[in-house]
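Each structure below appears as structure tokens.
Each of the two complexes below includes subunit A, the first together with subunit B, the second together with subunit C.
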Partner chain A sequence: MNILAVTACPAGVAHTYMAKKGLEKAAKKLGHKIKVETQGSMGIENEIKAKDLEKADLVILAIDTKIEKANRFDSKTIHEVPVAAAVKNAAKVIEDATAKL
Partner chain B sequence: MNNSQLINKSLIELNVHAQTKNEALREVANIAYNAGRLESGESYLNGMLERENTSTTGFGGGVAIPHAKVDGVLEPTISVIKLKQAVEWNAMDDKPVQLLIALAVPKKQEGTVHLKLLAKLSENLMEEDFVDSLQSANTKEEILKTITSIFK
Partner chain C sequence: MWNEAKKHLMTGVSYMIPIVVAGGILLSLGVIIGEETSMGEQLVNYGVWTLGLMVPMIAGYISYSIADRPGIAVGLASGVFAAELGTGYIGGILVGFFAGWITNQLKKIPLHPNIAVIKPIMIIPVLGIGAAAIFMWLISIPLAPAMTGLENWLNSMEGNNLLILGFIIGAMMAFDMGGPVNKIALAFCYATLAEGIYAPMAACWIGIMAAPLGLSLATLIFPKKFSKSEKGNAIPAVLMGSLGITEGAIPYAVATPLKVIPVITIGSGIGGGIALMLGAESPIPAAIGIWGLPFVNGPFMLLIGLLVAIIIIALTVGILRKESDVDDSEDAGLSF
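Then we have the complex of A and B:
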């Protein structure tokens, strides 16, 4: 499956990036493709573009704060969780997300 | 890039005595202050406490990453503290915490070099091998070497 994700936390220095890594590792393990955009202290990195959205099956938002450009995902199946969920058990986050389809 | 700008031996302490999470965070602030990284310990301490109230930084396995982005931090800083005894942290897995990897970032941080390295450190904390080697390290040298190795 093609998964897109955005991670963001209030300080944007730690959990944003831990969640990114957690989701990437879990996706690999579960056999999915994933692209994770971070919205942290360095702004938007690894930004999700229109061509990424075209082939995406679903979007995971692991966020504790309002994100920028959220309307990009309006037409997609979205699974939103607190950023901590993706740090603690990213595999479960991905499984719950794919179960929504 | 000189990694000693982010962490050095004066920012690593082993066998730190603390009985509560608050005491442990006070030690984190004291160590950063004594290493010349803070204008005052209070704003950093309050920033970390506020962050913990939002959601726990204890991410499991007895490890926490307390952090704050506040005024009064002179330069981006990593400190590593091993407590003599684990303290209750309200961690994600409910286990007490013994190893602290603390971050301090100035509120008005300009440039992204240091932030990138902090992000890299955070990502590495999701790697079991990395966390294991920090937990099994018994000297400041080993800890310093383990942390700086990921920045190469």
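Then we have the complex of A and C:
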């Protein structure tokens, strides 16, 4: 499955990137492809582009703050969780998200 | 509803943090150099001006979070009202929510397409800011005296009260290691800092640094009770901890939450309480970690509190953990 994700936390220096790592690792373990965009204190990094969106089956938002360009995902199935959920148990986040399809 | 509100508040805090760090450091550099020198005086001025953006920023970006781009102008102006009317940071948060809400309401006004363009450039800013001005004036009637009262009360605290205040702040800061509870405590410390009350921020420092430093120390003292990845995480956790980032403690808490979270919460609380009772005060934000120590009032008092917290955490976690808690097969995957 092709998964897209955005992570964002209030300070934007640690949780954001830990959630990205957690999601990437869990996705690999579960056999999914994932691209994770971070919206931390440096702004948008590893940005999700239109061609990524075309292929995507679902979108995971692991966020505690408002994110930029959220309307990109309007037509997709979205699973939103607090950023801490993706840090603590990213595999469960991905499983819950795929169950939504 | 609550989750949405929390998200708006966190967005405001996240945009405000860089302003507070920059302004706080300029200000404290000026104080250190000496306000009587022209260099020091200028630095203090620039610091104070930068910090003046704090309340407008939080109001502006709460409003932005609620109402998107049109919310920024209404929120920023509302934040200035909050600051000028003496309601400080709390007023800024409240009016930020109001500004976002009123902007969303004004967006719904139906207009003929030919004149729709006046909505974003005239109607929303003018009516939005006007409404926010009235709202702010109304809530400042009870809020401004309440803020002054809170300020006086915090300023008059001594002895045991400071111990309790320091404990609560230190404990909240450590409890979720950079999560929402931590940010609420941090927001409170920023608020008091803006009012010129420096003690709470000192407890903040300890709440930020004690958990990652203490847990890293525990991996040194009790190497058999930690997994390979946990030991590998110790040095990054120390580096980040000393830079004012608590999150390096998370991998340890994920592995054995019940043996870590209560300990870091109570340990950091005790450290914070001790530092405040001894008279530590921090006129600059805790976000730069140990490197800000020279700017603190009573740096040794703060260090004593920090060391006590680190030692309590390292020893207690070491004792509570069993060698059977170590699981090298499972890669927690949370190290940096």
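What we mean here is this: the second predicted complex is superposed on the first by the 101 of 101 C-alpha atoms of A that agree within 3 Å, B and C clash if a C-alpha of one lies under 4 Å from a C-alpha of the other, contacts with A are read in each partner's own complex, and residues count from 1 in each chain.
The working rule: a residue touches a chain if its C-beta (ideal position, glycine included) is under 8 Å from a C-beta of that chain, and two chains touch if they have at least 3 such contacts.
In this text the structure is predicted, and so the values were computed from the model without any measurement.
On the shared subunit subunit A, the superposed partners subunit B and subunit C overlap sterically.
Of the two partner chains placed around the shared chain by superposition, subunit B and subunit C are both touched by A:22. Contacts of A:59 after superposition: neither subunit B nor subunit C is touched.
By the touch criterion defined above, A:5 lies against neither subunit B nor subunit C after alignment on the C-alpha atoms of chain A. In the superposition on chain A, A:34 makes contact with neither subunit B nor subunit C.
Contacts of A:94 after superposition on the shared chain: neither subunit B nor subunit C is touched. Of the two partner chains, subunit B is the only one that A:42 touches; subunit C does not reach it.
Clashing C-alpha atoms with subunit B after superposition occur in a single stretch of subunit C, namely 254-262 (options considered: 56-64, 110-118 or 254-262). Residues 10-15, 17-18, 21-22, 25, 41, 64, 82, 84, 87-88 of subunit A are contacted both by subunit B in one complex and by subunit C in the other. Those residues of subunit B that touch subunit A in the complex are listed here as 51, 54-57, 59-60, 65, 67-69, 92-93, 103, 105, 109, 112, 115-116, 118-120, 122-127. Put simply, subunit A touches subunit C in their complex at residues 9-15, 17-18, 21-22, 25-26, 41, 63-66, 82, 84, 87-88, 90. Taken in their complex, subunit A has these residues touching subunit B: 10-18, 20-22, 25, 38, 40-42, 64, 82-84, 87-88. Within the complex formed with subunit A, the residues of subunit C that make contact are 6-8, 10-11, 13-14, 17-18, 64-65, 176, 178-180, 183, 240, 245-248, 250, 254, 331, 333-334, 336.
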